[in-house]
């Protein structure tokens, strides 16, 4: 990953770790379920943002490199990995 | 799109159209909400499957071509389009 | 369902059926994959909106009724159905 | 929340905090993007599971109580909260 992306990923993961700690505290204090649920949804959205950031970096570097200079096998592997990531993040169930 | 993928996409979209007509009938007959909701979820999953099928074909052809022979601008465009599709299908909110 | 909700559900499903027909046309004309993918994502979002509309109506009527006057078994059934719908619409995988 | 649910929520949140720390390590070691992305997707799925667990507990207790004994205003509030949670967790966009 490029240094700039890596820096952003670090900062976001640090904040996510803080949010998870906050949810642990809320659960420990037996706070209202709906408030905790909305915090969980916020962490989920934050993870999706990191995911999108990394996916962009991945496509621009690794995928681009494989398609520009890689073998047919390498290109196929990158394509399969992208679909796997798409499946796991979307609600695209695997069948 | 390759003929084989196009054939599969057609068949799946035909089935999805049939499922939507079925849901319209269920709503018209005032069937139990939960049964209708589960059918709606089934159509949603079927759409995700067509989406995944088309995305795979798109990466293997258009994206591969752009990364192999395209200009920097074309590569950037393909990357942005992929992230856009990823955003719209996942629950990755755009910020 | 209340008449007003039913009317809205009908109108939205009608529009969704039209959108699906539009996607079939786009695929038939071999339009650019990304444009088709974004249309598929639009139908998916429209289905989610109908789902949310029906879910609201369901909670306000059937679920409310079961919790107000139903047996323990009926209340449990409503709860399980809600979680099932939540699972199928979210990307909450069932484990 | 019932003690049993609370215990499960605590255990799952503890594991999630550990997974996030693991992702921070992977990012720090500059591991392969796709491996990190799949780990992020795993945490997201784990959050959804905690969410589902809490939602079930919430419906069985707070929502049930409001519908059994609450005022019209309290019932409406519970319904709106449920739809809000449903929106945030699903990819149901708010319009």
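Going by the order they are written in, the chains are A, B, C and D; count residues from 1 in each one.
One rule holds for everything that comes next: a residue touches a chain if its C-beta (ideal position, glycine included) is under 8 Å from a C-beta of that chain, and two chains touch if they have at least 3 such contacts.
Being a predicted model, the structure only gives us computed values, none of them experimental.
Homomeric contact subunit C/subunit D: same residue numbering on both sides for over half of the interface positions. Looking across B-C, A-D or C-D, the interface that copies A-B in more than half of its residue contact pairs is found at C-D. Rounded to the nearest 5, the angle that brings the Cα atoms of subunit B onto subunit C is 180°. Chain centres here are Cα averages; for subunit A and subunit D they lie 17 Å apart.
Separating the centre of subunit C from that of subunit D, both taken as means of CA atoms, is a distance of 21 Å.
Here the spacing of subunit B and subunit D, counted between their Cα centres, is 26 Å. In subunit D, the residues touching two or more other chains are 44-45, 48, 51, 55, 89-91. Residues of subunit B that touch subunit A in their complex: 44-45, 48-49, 51-52, 55-56, 59-60, 63-64, 66-68, 75-76, 79, 82-83, 86-87, 89-93, 95.
By the touch rule above, subunit C contacts subunit B in their complex via residues 1, 6, 9-10, 13-14, 16-17, 20-21, 23-24, 27-28, 30, 32-34, 36-38, 40-41, 43-45, 47-48, 50-51, 54-55, 57-58, 62, 81, 84-85, 88-91.
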